[in-house]
Each structure stands twice: as structure tokens, then as C-alpha cells.
Amino acid sequence: MWKLFHQFGSPPHFYRLAGYLIPWFGAAALILILIATYGGLVLAPADYLQGDGFRIIYVHVPSASMSLFAYTLMATAAGIGLIWRIKLAHAVAAAVAPIGASFTFLALATGSIWGKPMWGTWWAWDARLTSELILLFLFLGYMSLRAANDDVGKADRASGLLAVVGVVNVPIIHYSVEWWNSLHQGATIIKLGKPAITGDMLWPLLMMLAGFGFYFATVMMIRTRSQVLQRERKSQWLKSL
Amino acid sequence: MQAEGLELWRGDRCLFRDLSFELPEEKALHVSGPNGCGKTSLLRVLCGLSEPEEGAVRWRGKSIRRDREDYHQAFAWLGHLNGFKAELSARENLAFSVSLRRKTDDEVRNNTLDQVGLTAAADLPCRVLSAGQKRRLSLATIMLSAARLWILDEPFTNLDSKGREMISELLNSHCASGGAAIVAAHQELGVEQPYLQHLKMEDAV
Amino acid sequence: MLSEFLHMGGYAGYVWSSFGLTAAVLLINLVGAQRQFKQRLAFVRRRIAAEDKT
Amino acid sequence: MSGPMSGFGTVLARDLRLAFRRPGEMANPLLFFVLITAIFPLGLSPEPELLRTVAPGILWGAALLSSLLALDLLFKNDYEDGSLEQLVLSGHSLPVLVLAKTLAHWVVSGLPLVLAAPLLASALYLPAHAWDTLMLGLLIGTPTLSLLGAVGAALTTGLGTGSALLSLLVLPLATPILIFGARGVDLAVQGLDPVGPMYLLGAILFLAVSLLPLAIATAVRISLD
């Protein structure tokens, strides 16, 4: 088990494996996203309450899920990197941050676009939007701290620690925002993403989620490869590139 | 103490690689080399302040990362910065630094202050002490630390010739009583031959 | 039929801008990652070439 | 050495003594707290009804910002004069030492806020029956803020980035404290039972005291590397 862990943690091994997987994952992402888009925009029936406006769910909800997943993954990788001093784990954490921040931004932007027809305003202090906003700041803080350290090793450890502290905090933040929101707005506002979903509405959503997942993995592997190149000082295996 | 295959990078520069040495008791290791060759970085690795890229430092056969607190108690460190508070007097600073390590009474501390020639300045705030006086105060801290190993980074800077002689004497008596020392310095340590050991570092690649 | 589809029951602006924005961000991310990777690879190759010379 | 808490008292005593030698620096967070609170009536209106409704948020926001302001210096001075290295290498458990430092810092920067809160609350027309909730909330909330801020301070020490980065790192993490603290006061104003959010603040403080010193110690080690 430990050996397997280390073998996977070896940068050259990962580099080659990722190079092999990237085109396949990219293709899977493209196909899934295209089918899900067709399903979501054409095949799924309009919602009886929100009409065609509800179709924004197909980009908003998967983005929101991916953003949270990205933060958890980033913190887990950073934690592994900190505890076991595995450079590859730090590389993964560094690679995930910008993708996670993009998905967080997308969740915020699409949520706000969706909010306009539903609530009549671009921004409402809806629980999910508020949580996403805080999450965006967590990502930005992580990336700024990383950018402020000029030494890669130090940047890895400093920002990694921040991510770990952050991930313990995320459930608390989430709960506090939910609680704060329920105190103030109650049921006066339609919650985003909670229309009565039927089967033919659901499958494009799940497919989009899978497509985003593959997309995430693809970009993550590309970015991790660049991070590995930045970190590797022993050039033996790099010579064979 | 042993160092095995140490390697350290700063940015894209390798300061040293595959650096090994062994330091038995009753020896003073003189680390020398041109500016920027990584003397301070090496000393910080030996202290456990910096992580080496490769290799390990062992103290009594145990990696220093294993039992950090135990190791830290065994040595005293003097870096470029003295670690004194500008607002506190020399006496207060000494009392604080020493009390982190062990209990001493006022008399012992006063004697040591006398030994390093700071009795007259003992109640002045560190802000007004000269660089050389602060260096002397650091030496007093090291003397009172009761540490087996001293790690000193450029202890001679800012000291007058009497102060430098004092360091040499201190190192001699420390080694004679079974202690060890690692000293980075550009000049000779003035330590007697049987105690002396050298480590010459080269320019970084 | 097509114009009705594009019209999105009156929500055209909202739906299309959401999907468009998502596509744009995903694409920029992918291209940016690729470009960064190519730059790093070129840099590493140059460094190795320089090391081999000396 | 002797016991797991060894060195705690020494560091606490030294930091408190240092703080009292620099009374100006000590007064800064309190002045800042008063200033922020005073700015809102100027910006909004002197209308008691309005001020009463926004008072919990203003007071808590001001407390959050002023404790952050002071945190910037928590490790910076020690870092610059080398005493941080000496603390790390002193042979004591570093989490205990940084906890002592943070406690000293809280005593001089957080505690005055708690004590000054009723004064400012009355200036914002907050009803007197909500003052005890405000003070209790601040009493158990500001130590958590100090601990969270200490992580950020340790991570940014030696980077020369100023306090903007520190705020970016710490403010998002501190939102739950703000929410529970301010809502607790809100509930008390309305005559409802604020015990729920107070318990939550207490639970968070417990979590913070048990986990964050470890994170702060790690951050200090990283910043010295």
C-alpha cells in the first residue's frame, strides 16, 4: 500500500500517466458536456414555475458543486503534501486553485444571471450565493498567498496550511450562512436550484456534472504537469521529454 | 552530530548538495567559505529552522525532526539577529532568554554580565546598546544556556579584539568540558588544534 | 421552431448568456493551462540544453 | 522540560510587559474600534431607530476589523529582531508558546474592546438589555478572531506584503464569528433567547483553542524557513 502510494507520488510516473490520460479525459468531457447541453436546452421540458429560465440550472449547479469539490480536493492534497512532504500533492493543490476559482466565479455569475428573472434583482443574499462568494475569497486568498511567496517550497507549505485551516472552516461558514439566511428571508424567496425536478430534467444535470468532472480532471492534469516541471530539479527524467 | 547528504536550493540555485560531515563531542567545526555560499543556510538547516531538500541531520543517532523539542534543548543558536527586544533592558532580555531554557538566579546572571563586560550597561534598554554590546549580550545568553552544542553564525561581527578573544576562550573551554560547536566565520576561530575541525564550502552552482 | 428555441420562452438573454459565459470561462481555462504547460516545457528544455553544453 | 505548558508563563509575561512599554500601540485597536463605530452615524444618519437596528452589525464589524489591524504586528516585531527564531528553538512546545503570545495579544487588544463595547453600544442606542449578550459574545468571539488572525499573521510575516493580504486571508474565515455574534445581539434586542448563537461561538472557540495553535506554530515554522 505504502509502496503504491509512493509510486503514484513519483512525479515522472504521474507525468507520463497524465500525458496518456489527458486526451481521453478531454474527449470524455467534451462529449458529455455537449450531450448534456443538448439535453438541458432542448430535450428537458420547461419548468412549470420558472419556464425556460430554469435551464440555467444546468450550468449553475454543476459549477457550484465543482467549486466545493475543488476546494476540498485542494485542501486534501495540500494536507497530504504537508504531512508526508510529497511534492506532487502540493503540485496538485496549486493546480486545482485556479480551476476551483473559475468554477466559483461561474457559480456566482450564473447564479446572479438566474437571480434577475427569478428575484427581479441581480444579487440577493441567497445562502448559496453568499457561501460561493466567501468561497471565492478563500480561493483568492490562497492564490494571493501563493503569489506572495517567491520560493516554491515555501509557497506550497504556507498556502497549503491556509487551505487546511480553510477546509475545516468551510462547513462552519456554510452552516452559519444557512442559519443567517433562514433567519432573515425565510420562504419569501425561491431558492435557486430547487424546482420540482423530474427524471427528464435530471439526467442532463447529472451528465453535465460528470462532464464538468472530466473537464476538471483534464485541466487539473495539465496544470499539475506544469507544476511538476516547475518543481523538479533533478533533470535525469526530464531529459527524455 | 551527523549530517548526511544534505542538499538545499534557494529558488533555482543549488546552494550545496551531498554535504556530509560528522561532529563528535569536544570538537568545534569551523564553517568557512565566500559570501553567498550558503553558510547561514547550512546552519539554519542544522538547527532545524530550514528543511533540506535531501538528506538528514542526526543528533545522537536520531533524526532532528523526530524529537524536535529534545534537540532544541540540546543546543543554543546565535544567528545574525540577536533576538533582543529594544524596549527591554539588557538584564531583562538576558533573564527572559535564559528563563526559557533553565532557572538561574540573579547572581549567576550578574556574574555573566560582568564577564562579558556589560555591567555598566545592564539597565539600559537594548535600543541604545551598540551592535557590539548586543553581540556580547548574546554571548552571555549562550554561556548561560547550558547547551551541549553551540551553533553560532558569524559570532565575531561587530566585536572588538577583546571580544573576539573572549569567543575563542569560550569555545576552548566549551570543547574542553565536552561540548561541541559549529561556527560559521570568515576568520580563524582561535580554537586549539585538537578541538578544531574544518568545513570549507564552495560557491553555489 | 429554431427562433422559438433561441427565444427560450422569453428568457433568451439570461439562458444564453449563462451558457455562453460558462463556455468562455471553461475554454479560457483550458487554453491558459495548455499555454502555461508549453511555456514551462520550453523553459525546462532550454535549461537542459544549457546544462548539457557546460 | 517541565510539563507541557512550560514556557507559557514566561512568554505571556514578556509580551505583556512589552505591550505596556508601548502604550501607544496598545491603544490603537481600541481607538480604531471607537472610530469605525463613530463613522457609521456620520455616514448613515443620527436617527436612533435606524442606528439601533444596525448597531449589532456595526459593533461586530468594527471589532473584527480592529482586532485584525493589531494582528499585523503579532509576529512581525519578533521576526525582525530574531526573537521568533529563539522562541522556535527554545526547546518548548511551539504551539504552547504561540498560544501564550496570542493570549497576551488578546489581553491588550481584544479585552479592551469587550470592556468598551457597552459605551459604544449606548452611543448607537442599543437597548441596555442586549449589552450583556454583546459583551459575552465579544468575550468568547474575539479570542477566536485573534487565533484565526494569528494564523494569517504568521503566514504573512516576512513577506513584506502589508496588512491587505492578511485581511484577505482572515476575513472570509472569520465570517461565522461575525454572523453568530451579531445575530446573537439581534436576538437579544428583540427580546428573544440568544443562547443558541452564544453556544455556537463557545463551540467555535473551543475548536479554535484546541486546533489553531498547532496551525499557528506550523505557520511560524514555515515563515522562518
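Per-chain numbering from 1; labels A, B, C and D assigned in written order.
Note that a residue touches a chain if its C-beta (ideal position, glycine included) is under 8 Å from a C-beta of that chain, and two chains touch if they have at least 3 such contacts.
Keep in mind that what you see is a predicted model, and the values were worked out from it rather than measured.
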Going by C-alpha centres, which chain would you call the most central? D
Top of the farthest list for chain C, CA-centroid basis, is B
With chain centres defined as C-alpha means, what is the inter-centre distance between chain B and chain D in Å? 36
Express in whole angstrom the distance between the two chain centres, defined as the mean CA positions of chain A and chain D. 31
Could you work out how far the Cα centre of chain A sits from that of chain C, in whole Å? 16
Could you grab the centroid distance between chain A and chain B? Build each centroid from C-alpha atoms only and quote it in angstrom. 48
Using the touch definition from the top, which residues of chain C touch two or more other chains? none
Residues within chain B bordering two or more other chains: 51
For chain D, what residues touch not just one other chain but two or more? 225
Considering the complex alone, what residue numbers of chain D touch chain A? 148, 151-152, 155-156, 159, 161, 165, 168-169, 171-173, 175-176, 179-180, 183, 200, 204, 207, 211-212, 215, 218-219, 222-223, 225
Touching chain D in the complex, chain B uses residues 47-51, 69-70, 72-75, 77, 79-88, 92, 96-97, 99-101
List of chain A residues in touch with chain D within their complex: 82, 134, 137-138, 140-141, 144-145, 148-149, 153-154, 157-158, 161-162, 164-166, 168-169, 172-173, 175-177, 179-180, 183
Going by the contact rule set out above, which residues of chain A touch chain C in the complex? 37, 41-42, 46, 51-53, 55-56, 58-60, 63, 98-99, 102, 105-106, 109-110, 113-114, 116-117, 215, 218-219, 222-223, 225-226, 229-230, 232, 235, 238-239, 241
Contact residues on chain C for chain A in the complex? 5, 8-11, 14-15, 17-19, 21-22, 25-26, 29-30, 32-34, 36-37, 39-41, 43-45, 47-48, 51
